[in-house]
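Here subunit A shows up in two complexes: once beside subunit B, once beside subunit C.
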Partner chain A sequence: MLGKSKLIIVFIAIFLITGVAPWVVSPYIVGVITMAFYFSVFVMSWDLLFGYSGEVNFGPTFQIGTGAYVTALLNLNTSLPIGICIIGGTVASIIAGLVLVAPALRLRGPYFGLITLVSVFLLGEMITIFAQYTGGEIGISIPAIITTNQITNFYLAWGFSAISAIAMTIIANSPLGLILQASAQDPQEAESLKFNITKYKILAFSVSALFSGLSGALLVIYLGTVSVSLVVSIAVVLQIIISAIIGGRRTIIGPVLGAFFIILLRQWLQPLEQLSYAVVSILGLIVLMLLPDGLISIFVGKR
Partner chain B sequence: MNLFWQILIDGFIISSIYAVGVVGFSLVFGTAGVLNLSHGALLVVSAIFFWFFVSNFHIPLVLGMAGGIIISVIVSYLLFIIVINPIDKSKKIPQDEKEVFVLTATLLWSMIIEEILIYFFSSNPVVAPPFVKGVLKIFNMNITCNEILLSLSSIVILILLWLFINKTRTGKILLAASMSHDGLAISGIDLKKVYITLWGVYGILTGVSGALLASFLGASPSSAGPLTGLAFSVVVLGGLGNITGSIIAAFLIGYIQTMTAYLISPAYTPIPAYVILILILMFKPKGLFGRF
Partner chain C sequence: MNVLELINVEKRFGGIVATNNVSFNVEENETLGLIGPNGAGKSTIMHLIIGIHRPNEGKIKFLGEEIQNLPIHKRIKKGIAVMFQHSRPLKRQSVLENIKVALLKDKISIKFPKDINKKAEELAKKVALQDFLNRHSEELPFGVIRRMELAKALALNPKLLLLDEPFAGLNHSEVKEFSEIVNSIEKQGFSIILIDHNVKAVYNMVDRMVAIHSGKVISIGTPSEVISNPEVKRVFLGEESSNFLEKKDNISDEEILSVKIKSLKYNKAEALRNIELKVNRGQFVSIVGLNGAGKTSLLKSILSLVKYEGEIYLEGKALHNLKTSEIVNLGMAFVPETRELFKYLSVEENLEIPMHDLDNKTLKERLDEVYSIFPKLKERRKQMAGTLSGGEQQMLVIARALVRKPKIMVMDEPTLGLAPIILEEISKILDYMHKELDLTIILAEQNLHFALKHSDVVHLLEHGNLICGCSRKEFSEKIGEKYLA
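Up next is the complex of A and B:
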């Protein structure tokens, strides 16, 4: 495990430095960073499942997408208040997370990975088939908006990301986190020590889906639009996984770094248009192969 | 009655092309233990280059197809040299996480190929011209001669593959590698040479089926993901690494898709394969004819 005190320093540094952003950088970049905060929660939730529970989840967007779309559809088709729509989306996301518990208990790493990958394909197909409700490939715009004030939006995302980071770090370092790691490394041994693996897996998937679904819901309300390319497609899945790996798996804070790195890099590469995605993917591949512990291992030493 | 024949014949054509499309995937898993999530991307590479060579340089179809196959072999070797082999040899990646790294890396590889293809060729689907023209009338139905040729070629390729694996020395070594790497090493066979043969054969097989695909359904860079998903469903259903099983499973899924398209709606065609994949992984992960 990485030194905890160093991780706390990295955490404080990230949120202090970014906290002054609205007064330093251009409004456009403030918008980009706001996106990066929501995205960082996707990556942290992924890390909680993969890094600590050993679940190879190729389908984080199955939870995120379900949460985002349910929020958008509730907002568009009912007159419920925004808060209720967000809660509805988050609950739907948790249900989507729980759907994956049964295969997670039965299957080993790569096979479980395939199921989650297929879950994303299936969600994508469903969105296309029910295009009259979901807007198909194009997506839908929704009326809801919390506030048009950019600075309020920024701090909402900033606070949400910070709270999520603290909550997930506490969970990961609690007895629950330890039991999850134990049951990932040796399920038989953990079971023989009278730990109810099923219970803990359900908890891990629920927590991960809770944060990623809530983040998806908030992102939709912030942008006022939802689409497959924003919250479902395999490209999004890969960005989440690359961010976690580049940042440093099994650290929760590392993924925040990775998320910022990827979002800002994509912004910087924008002039390359389509090729920017390829460059980001190539970079992800290089880090994956040469620095499997991620960039954070440069700052805080090897495990 | 007409519908029955329609499903029977259309299903056969689709299934035979699927079968050729997935055997390479199955071969690589069986022999090298690699689950290659960039399989669909490789199919699309050869399909698009085949189309590009033919429509840009106005060369005969067979030459264009050969060009597509060469590109496919090159990309297959690049995947092995840049991604698969280094992960296999890496000391930094823990042994028990290697499978996950291979999955993630090949998925990234797929995305890189897809994005580069979109950049150079746009994301519009391309369809290669038919190899032969003309229409045959069978049981009151019109079937293009091209479809019949594609289907027959697929069957011939499968027979050639069977002969290669079971009757030639190189093929037998591949078959042996799929059973035991240690046994192969004890018999004095260099595993490196086996891999060089394997990724070459894989490139050729996938190159050919990419060309068939380009001529039959057409392809676009964004079909890479769904094609990988389809290959997975077929190969998992047939039992990972079992080539005969994969071929039988290709026919099962091909027919189920055709029936879905005709009896329910073409929009639902991709769904059954995914549902089957989930059910098989959940309840019979070894597939119908699995060895692992």
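Up next is the complex of A and C:
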């Protein structure tokens, strides 16, 4: 692929530059960047599923939310160690991913997209219905904390995001990534090249759910709280999709750029309150018109 | 020994029988031609063999083993490979990477096998692709893509290779190149099924032929046996296709349309250059040429559907600055190649749409008029257009153009994909429009026989240039059959 080595340079640059943040910017901004790392993993996972295996997933928060809530509920209601709660949440998220595979095997394009969208509403409804356990719309606070040290928290997120990016980049450029792209392009032809595409779809959904669920679980532990508006609502879905598109789809590293762009922009525009959503959207549109291949194309050129 | 055996295979889609009691076999090292006109059921048979569809009745045996209930990938692993007519290769990847996909094993893996690049390069060499290895498939011509698809099929190391219309859409030199490659791989110890609608194209390449029509096998045997079978002759060659229809005697020499196109470009590619075309009132003018010669571009220019450099006049009125809708209102009707019907509307609704501005009485009269020309459409007037057969759809498109009572009818390949028997019907309709309705007709055609049969004047369009522009007799003598048939 063109500019592959450039992508790797961008990749290293992003993580080296952000790596010094705790020593340069205010503690408040460090907190924002920590959030941005977790969010970037959501966006990367979405990119892996859409950009490479061609599945239009309008419900990334179905997996993320499941992972986050299961972790929180385990932590709140059992005496299991934090690690086990996180693993439990991640496993639940993978199961949520597998639930979405069933329609993905039968439906394509907009029809599958609609199902994923419905899954987000369903999860939101479930959380509201079982409000006595989930805290409903207000959400719940949990006791678990890995560390209160902000710098440790920052590097935890930094490392997790970097490892996720490396893992997903390897997958995207591996035989597996190639087969996923072939089945996205033309499932019938891919199967006529002997590939059992069901197997690959299941795997793609599982991997995507693994990373986004784990990220959701870690985010919950970091913040000590979980709510629908944080990890489930459609606003979060939109933010993920917009970040991926603005950053540059099918690059894995582009979505990290997009995630930072959106999170930092929202932060910067916070004085505008509700209006900030509109401004972010308009800025996003402008970026898209000027750079249809996303922010990443500034560094690696047109694809 | 039989590599493949189809035994009484039947496939129904709803009430339609796509293949009816089809039986044939493919022997070891044999190249078998599976021929039939468009819509005969060739693709269905191919889909049944590779597993895209499963038969309702009958058995399919591969190397003695029943495979009709296996999924696609399991059949491929047993040794069947297919080269599709319409392929969608990976666009962002190079030719080499596209071939590498086919070489991968069906297992989840993060590392490429060590020798995969070498193997892919060897395959590329087999199909003369060594100069294109690092190019992206997006920027390559059709002929090169076709060869890449062949390399992918060969990568599977098949015992049986299915080639679906391998020559469709290729130009002369590409066809020659591709058939040479197929000839060279033929001797490598596997069987081939060559699927084609053109008997002549495969005649010299196959050991045996299976001819199908309307989902049934009508003849099996050596190429010469099959081609001399009377039913095959009737289906493929039509009965009187080479006979010219009588000329209309009362064509005026008043010019109705004059086209002068200096140039038409799509990005950098020049599709048309220095075209001059004059059409008299009541004339039947054909523009013949191969796929990609620029026929559709020329017709679309006349209707302002594409931008061009030049001048076009209809009855002295300049068209080049007008919008398509304005040109249509001046009395031009277009029958597009792609038909563009409203699939989910009924036949009658499709006919009513172009008459939206007429009062009910006129509308009714016009409907009755076209129904008298197309009684079949009247029978089906409540049916959804998308459910009509290809021939009926084509009639509906023509009828839809007629209801506005045009002066000129511009038709783009109305014969495309239709069986010879239906061509006869379309032919009669065109003749009626030309002689009885006294319409001026401009017809773009690939089917030379069909065009010659009707035309007063025939033009050959080749690489964006108009050549000849002569009477049909002159045309068939000068350029004629040796060129297109």
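The rule is simple: the second predicted complex is superposed on the first by the 293 of 303 C-alpha atoms of A that agree within 3 Å, B and C clash if a C-alpha of one lies under 4 Å from a C-alpha of the other, contacts with A are read in each partner's own complex, and residues count from 1 in each chain.
Criterion: a residue touches a chain if its C-beta (ideal position, glycine included) is under 8 Å from a C-beta of that chain, and two chains touch if they have at least 3 such contacts.
Treat the numbers as computed from the prediction; the structure is a model and nothing was measured.
In the overlay built on the shared chain, the residue A:F195 is in contact with subunit C alone; subunit B does not reach it. A count of residues in subunit A touched by subunit B and by subunit C gives the higher number to B. Contact with neither subunit B nor subunit C is seen for A:Y133 once the two complexes are overlaid on the shared chain.
By the touch criterion defined above, A:A235 reaches subunit B but does not reach subunit C. With both structures placed on the common chain, the touch criterion links A:R250 to subunit C but leaves subunit B unconnected. In the superposed model, A:W268 lies in contact with neither subunit B nor subunit C.
Residues common to the contacts of subunit A with subunit B and with subunit C across the two structures: none. Looking at the complex, you find that subunit B touches subunit A at residues 35, 37, 83, 86-87, 90, 92-93, 97, 99-101, 103-105, 107-109, 111-112, 115-116, 118-119, 225-226, 229, 232-233, 236, 267-268, 270-271, 274-275, 277-278, 281-282, 285.
Across the complex, subunit C is touched by residues 1, 170-171, 174-176, 178-179, 181-182, 185-186, 188-189, 191-197, 199-200, 203, 250, 303 of subunit A.
The part of subunit C that touches subunit A in the complex is made up of residues 50, 52, 71-73, 76-77, 81-82, 84, 87-93, 97, 100-102, 104, 106, 108-112, 152, 156. Within the complex formed with subunit B, the subunit A residues making contact are 56, 58, 102-103, 106-107, 109-111, 113-115, 117-119, 121-122, 125, 128-129, 234-235, 238, 241-242, 245, 273-275, 277-278, 281-282, 284-285, 288-293.
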